[in-house]
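Here it is, the structure in full.
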Amino acid sequence: MARLLKAKKEHIGLSPHEIYFRGEKKSDTVLLEVIDYDSENLDEFEAKSVKEVVKFNETSSTTWLNIYGLHDVKIMDEIANQFELDSLILADVMNTHARPKIQEYDNCIFISLKMLQYDEKQNRISSENIVILIMEHILLSFQEKTGDVFDPLRERVRKSKRRIRNAGTDYLAFALMDIIFDNYNYIISIIGEKIESLEVHLLNNAHEATLEEINNFKKEVIYLHKSIKPCREIVIELLKTDSELLEDSVYVHFEDLKNNLNQAIESLESYREILSDQLMIYHTTISSKLNDIIKFLTVFSVIFIPLTFIAGVYGTNFDVLPELHYKYSYFIMLGVMLALAVFMIFYFKKKKWF
Amino acid sequence: MARLLKAKKEHIGLSPHEIYFRGEKKSDTVLLEVIDYDSENLDEFEAKSVKEVVKFNETSSTTWLNIYGLHDVKIMDEIANQFELDSLILADVMNTHARPKIQEYDNCIFISLKMLQYDEKQNRISSENIVILIMEHILLSFQEKTGDVFDPLRERVRKSKRRIRNAGTDYLAFALMDIIFDNYNYIISIIGEKIESLEVHLLNNAHEATLEEINNFKKEVIYLHKSIKPCREIVIELLKTDSELLEDSVYVHFEDLKNNLNQAIESLESYREILSDQLMIYHTTISSKLNDIIKFLTVFSVIFIPLTFIAGVYGTNFDVLPELHYKYSYFIMLGVMLALAVFMIFYFKKKKWF
Amino acid sequence: MARLLKAKKEHIGLSPHEIYFRGEKKSDTVLLEVIDYDSENLDEFEAKSVKEVVKFNETSSTTWLNIYGLHDVKIMDEIANQFELDSLILADVMNTHARPKIQEYDNCIFISLKMLQYDEKQNRISSENIVILIMEHILLSFQEKTGDVFDPLRERVRKSKRRIRNAGTDYLAFALMDIIFDNYNYIISIIGEKIESLEVHLLNNAHEATLEEINNFKKEVIYLHKSIKPCREIVIELLKTDSELLEDSVYVHFEDLKNNLNQAIESLESYREILSDQLMIYHTTISSKLNDIIKFLTVFSVIFIPLTFIAGVYGTNFDVLPELHYKYSYFIMLGVMLALAVFMIFYFKKKKWF
Amino acid sequence: MARLLKAKKEHIGLSPHEIYFRGEKKSDTVLLEVIDYDSENLDEFEAKSVKEVVKFNETSSTTWLNIYGLHDVKIMDEIANQFELDSLILADVMNTHARPKIQEYDNCIFISLKMLQYDEKQNRISSENIVILIMEHILLSFQEKTGDVFDPLRERVRKSKRRIRNAGTDYLAFALMDIIFDNYNYIISIIGEKIESLEVHLLNNAHEATLEEINNFKKEVIYLHKSIKPCREIVIELLKTDSELLEDSVYVHFEDLKNNLNQAIESLESYREILSDQLMIYHTTISSKLNDIIKFLTVFSVIFIPLTFIAGVYGTNFDVLPELHYKYSYFIMLGVMLALAVFMIFYFKKKKWF
Amino acid sequence: MARLLKAKKEHIGLSPHEIYFRGEKKSDTVLLEVIDYDSENLDEFEAKSVKEVVKFNETSSTTWLNIYGLHDVKIMDEIANQFELDSLILADVMNTHARPKIQEYDNCIFISLKMLQYDEKQNRISSENIVILIMEHILLSFQEKTGDVFDPLRERVRKSKRRIRNAGTDYLAFALMDIIFDNYNYIISIIGEKIESLEVHLLNNAHEATLEEINNFKKEVIYLHKSIKPCREIVIELLKTDSELLEDSVYVHFEDLKNNLNQAIESLESYREILSDQLMIYHTTISSKLNDIIKFLTVFSVIFIPLTFIAGVYGTNFDVLPELHYKYSYFIMLGVMLALAVFMIFYFKKKKWF
């Protein structure tokens, strides 16, 4: 699990306008992937410089510039200059530890989000900061490192007759967020399945690994909740935004995003409660097992304690101990012992101790 | 219990307009049941195609088209075309895992809900997605599979003098929701009865099956809460809606639905708390039993430990051990042992250990 | 304790307008008690039919018609007809399991409430549905069965100089609600006293009956909370209502009702928390007692274990065991045993184990 | 601790206008203390009757009439008449069990509050009802019994150059509330200190008295929270009030009261959580100690069990038992026993059991 | 950890206008540090008196007067006079125990905050009251004692080309708050790291120090939450403020502060939950260990109890005890004992008890 909050001493007191990378470098190079499209044409290429792309903002086609790698201050500066963006925006892009947020500017809408993915191999959630900048004819998306998460969208864009080819940057932004939020639901779905499969072990076969798993799932659920909750605020903010950059037709899709996020958040809250119950049940099962162990010990001890005592009595060396001298004393003693043991066993059987 | 959230990897990145079945197929064929009625006449038949039904939207009578089975993309496409519905609507109809929601369109109001039913035999809650589309003279309801849940309503429509025969699609929509929400209350009522009957076992006769039942009820209550809460949002949204499709007289019924849902939700929250208390009480009872077992062991051990010790002392083989040689030593020893045991028993009785 | 939610399968799908008794019949006959009064005159009698009463609605005096018994569909129909009431109102009157609610109609205000009373003998809370219908000159109150709960109010009305004699149906409605809500506070006060008296047992003398009582009080508090919370909504709704049926001077009294209900709800929430703490303390006390028992067992065992071992050693039959043959061996052994025991006792005293 | 809610059966159904003492009589006589002041003059005396004071309401000076003792219906009636107050107001003054509230009337603002004080000797919180009536030139304050809690304020008024001498009844009301709320913070501060000092015992030296103290503090915190929360509502209501009786300059002081109450409430909520944690920690410490005790018992038992067994074997009386007859058998046995014991001790040391 | 709430008896009833130091004196002298700057010039010096500084309020340059030490009533009086500030403001400055707040006055905005710092050596959080007074051309900041926390900001101001040199007191106030809030996040980040490192010990190696640490972190998180929450209210208040002292361009920065505080608060809430879980897991681990110990004791006891019993039987002194006289009896007994022990060991192995 990623850390809940990261803050470094050396970042305290920095100017908010300072374009300075505040994160962990996850990629070495910076890649500029461009897709420019309208209903008729599609142009897809890798740009060498920002300059190459900026001209597309004047054409009426929709251009999607996806930037992999955030650490390069120079390129960020260039982007700020070429697209006439406030330095605050690029500073925010480079601050990968910040809380997801939305900010409306004169010429763009800034949205930062966490992209979460479930790494099946390592069995953990990885987190990546994603920034989406909606401008009139161009949309910039920033990713910390290369990845294939937006591939289904690229595919949709490439297939020429899709609705997305007629739509603008607002719809593209929706589609990007939709993929990110769908991934949230997918992760929750996987974790939910695992939590439910824990249940089987819980009641019959609890051991410490189960406890560790409950604890891990709990932390993952807390982490997911903390990551997803700000997204709902962002979508609600978007729904209230009255920007020229957003067409009326896109709001119905934002409503859907809100509904999806609500479902995600409510599911997480349910899982949170289920996990707390599981913890309590695990604890109760442990106590229940203790009872079984102690019952076993008690039954065993209580049966033998009086028998051993009787043997002890007849092991004493008194000069006068009449029972020792009868012919059948020993056998009578064995008989009494057997009778006592049988009685005890019945007594415990009746008490349902075993 | 159904899963709290289902999401599939292959659905990530799909266009929201794509009419694509995202659920589990629960029925093989698709059935179109039509009831067309006004205060005078009633016409009830099974339609072969959507075309047959669409003409009723122009007559002033109220038409209820109930569609069983959601998996058939073709029929959905036809419905979209014939009724001039936004493709988003039908895509939503086919997404059975989505959160219940309401969406107002120009020519219709879209409402999706979860139909929950209690399967007495299997002792579990089954969930089905229901979509209601309110149009001017026709109401479409979509069910995942055939079932008799709306039969009481059909009966009411058939009996000619009922108020419902004079009302429009808005009242019909209310009646459908009323049945769905009444089923919520009915399920809660059944589960509540079972939870209350658990109580008896809890204090006197707790065993692991009780723990498992508490856990299951807790999960069911969480599941119900998660399913029912969005319905209240939907009804509140309906009450705020100012659509031409809803007549003034129907709002008082929506108020009643809200009140019913409030009762359901508050009951669930109460049961949730009761179940948490039961879990705690179960745990406490387990601890309390442990005390009883340990007390039993302690009483038994503590009585015999000194007796066995005394016997041990007189079992030693010292050359000089004067007590061994008196005539009544053995009997005195037995007497002392008896006295000790009796004293111990009184001591424990006074301490109320048994 | 009454059930938290009751719903019957046969009521699913009934029309909301259907005047149909949905409850348990608590009374055999129906009684119509009438008090008609103004500042000068008072007329009190038992009516034989609804017709007899309806004429009072045209006089300027205030009339209070109290109806015991809700199960008689005929009388309800007659009431609906005579007072020109919407059929929904009477259907709601007969649905005794519904959540408390308020509904404003053109000619009346409908208020349904739960009347709770503490049955000191059976040590349980009984619940009864009360409906108040405020009309211009007449107030209808419906009770499930006969009872003396409103007697203090009748007494106040009879005493001629009371302020109530000058007031209208709105003030009468307030007075009725005031009695109902005062009863809530009275019940909470009784339960509170009992909860506080539990405390004494909790720390010194906890046994399973205490656990059962905590559990019962908890459920009663949950039940009360669930019953009282909707009342606050009703009073808040009344305060917002701008009906001609309510005079300005009555709002200050509604404010007082709200304040009373707030106090009730806050007290319940406090008791809820106190009971949860008591449960935890009970559990902790159980664990604490276990420690005492185990300490006792340990002290006893640990003192005798080495002594018995020593005796065992000198009970062996080795040919060569020099200690056996000294004159004072036995007494030395006894001395060593005593010293060991004393040492152990001091050791445990120092460890504060007894 | 005072009771959370008090309600008496005989008060049910009383008219709200009835001037009737609903509380416990805490004082025998009624005292009327008057301070009349403006920036120049100060007049302080004990009034014999209400009549003596009422004339001050017409002068422009500020008059503070403090009344000790609420049980005397006659004096209350006289106050109502002389000051032309609604009978509701005086009835409310005499209802000392009611929830704190504010009510605006035409000629006055009614504020009732709980005065809480920490009785250091008895180690408990005492509660007293305080009512403040703000009129144009006179302020009435009602206390249940005599006390010195407002003495610092009297002192401030007496010192002639204080700001308070130029201000009206609104500022005087603020000053009274300020003292009451400062006492809340003082009590919380004392209890907080005690809670924090509990901590030391909790981890090292927990015994049942600690548990009892945690429980008592918890209940006191709940009681304080319940008493203080309505005060915040009152102050917020005051801030929203647009009465002629309140000058603009006093609102900034009400803001301060709100801030103080927020701090009090937030501290109480923090202490609530801390106490819950302490309860859990106490419980865990108890369990942890049990482990230590059981470890001790186990170590002791496990060391001696095999030794006693060996002695038992050589205490048997078989005709043929070769080991008995070797010269060094006994010493070898002792050696083996010693070796076993040492081994066991090392084993447990390694397991860190002691 | 600092105390959650401090209130002294002697402060009850003081006038809010009284300039009186209500705190702990943390510094002996009072220092007045001045930085006066505009885009061109920078002047940095230590002022001897307030008079020296007040003239800067008339120049258009921005002046930052930082005052170390709050206990000196004379200097505070001088500040109040020179800057024509309400006496309330300075009284508030000297009340270091008050809750953080914001208050708008005619000529200034008053903001009080808690400066929290993590003392790595002592492993605890230290708290200091900071007051910021925003006036037109001068900003006053009050600190309880000298410190280097604002040094990065001073550095930024000194470097002449920074944006801050062109901005007014509003931006300076933002920069100060930004540093304070960044410190919150930094502290949370450190504590978060420590909490996560606890985890490792929790499951494998729990001892009482772990419990103590969990408890301490929990209290620190509660303390942080209580300190930071009012800051969010302050920033939200600032965002709503429509003061002439704040330029439009600064609001976007306040938005950022709000986002930072939201992240801090959400992280604290997550850590709170994680710590509660850890407490529960610690408790469960303790119970789990008890099971292991008791299993060990049981296995050991149960193996030896029957063996010791058998030896006891053959240690009896009956005249007739045939087994004693066979040649191989002793060896057979040993064999039987061995067989029994081996059987037991297998039995427990199968039960997975060791």
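Letters A, B, C, D and E mark the chains in the order given here, with residues in each chain numbered from 1 onward.
Keep in mind that, in the parts below, a residue touches a chain if its C-beta (ideal position, glycine included) is under 8 Å from a C-beta of that chain, and two chains touch if they have at least 3 such contacts.
If you're wondering where the values come from, they're calculated on a predicted model, not measured in any experiment.
At the interface between chain A and chain B, two copies of one sequence, fewer than half of the residue numbers in use appear on both sides, so the contact is built from largely different positions. Think of chain C turning onto chain E: fitted on CA atoms, that turn is 145 degrees, to the nearest 5.
The centroid of the Cα atoms in chain B and the matching centroid in chain D are 42 Å apart.
Averaged C-alpha coordinates give centres for chain B and chain C that are 26 Å from one another.
The residues of chain B that reach two or more other chains are 280, 283, 287, 290, 294, 297, 301, 308, 312, 315-317, 321, listed in rising order. With chain A taken as the origin and chain B fixing the direction of travel, the chains line up round the ring as A, B, C, D, E. Residues 3-9, 11-17, 88, 98-99, 101, 103, 208, 211-212, 215, 218-219, 222-223, 225-226, 229-230, 276, 279-280, 282-283, 286-287, 289-290, 293-294, 296-297, 300-301, 304, 307-308, 311-312, 314-317, 321, 323-330, 333-334 of chain C are the ones that touch chain B when the two sit in their complex. Listing the residues of chain D that touch chain E in their complex gives 150-153, 155-156, 162-164, 175, 178-179, 182-183, 185-186, 188-189, 192-193, 196, 199, 203, 252-253, 255-256, 259-260, 262-264, 266-267, 270-271, 273-274, 277, 280-281, 283-285, 287-288, 290-291, 294-295, 297-298, 301-302, 305-306, 308-309, 312-313, 315-322, 353.
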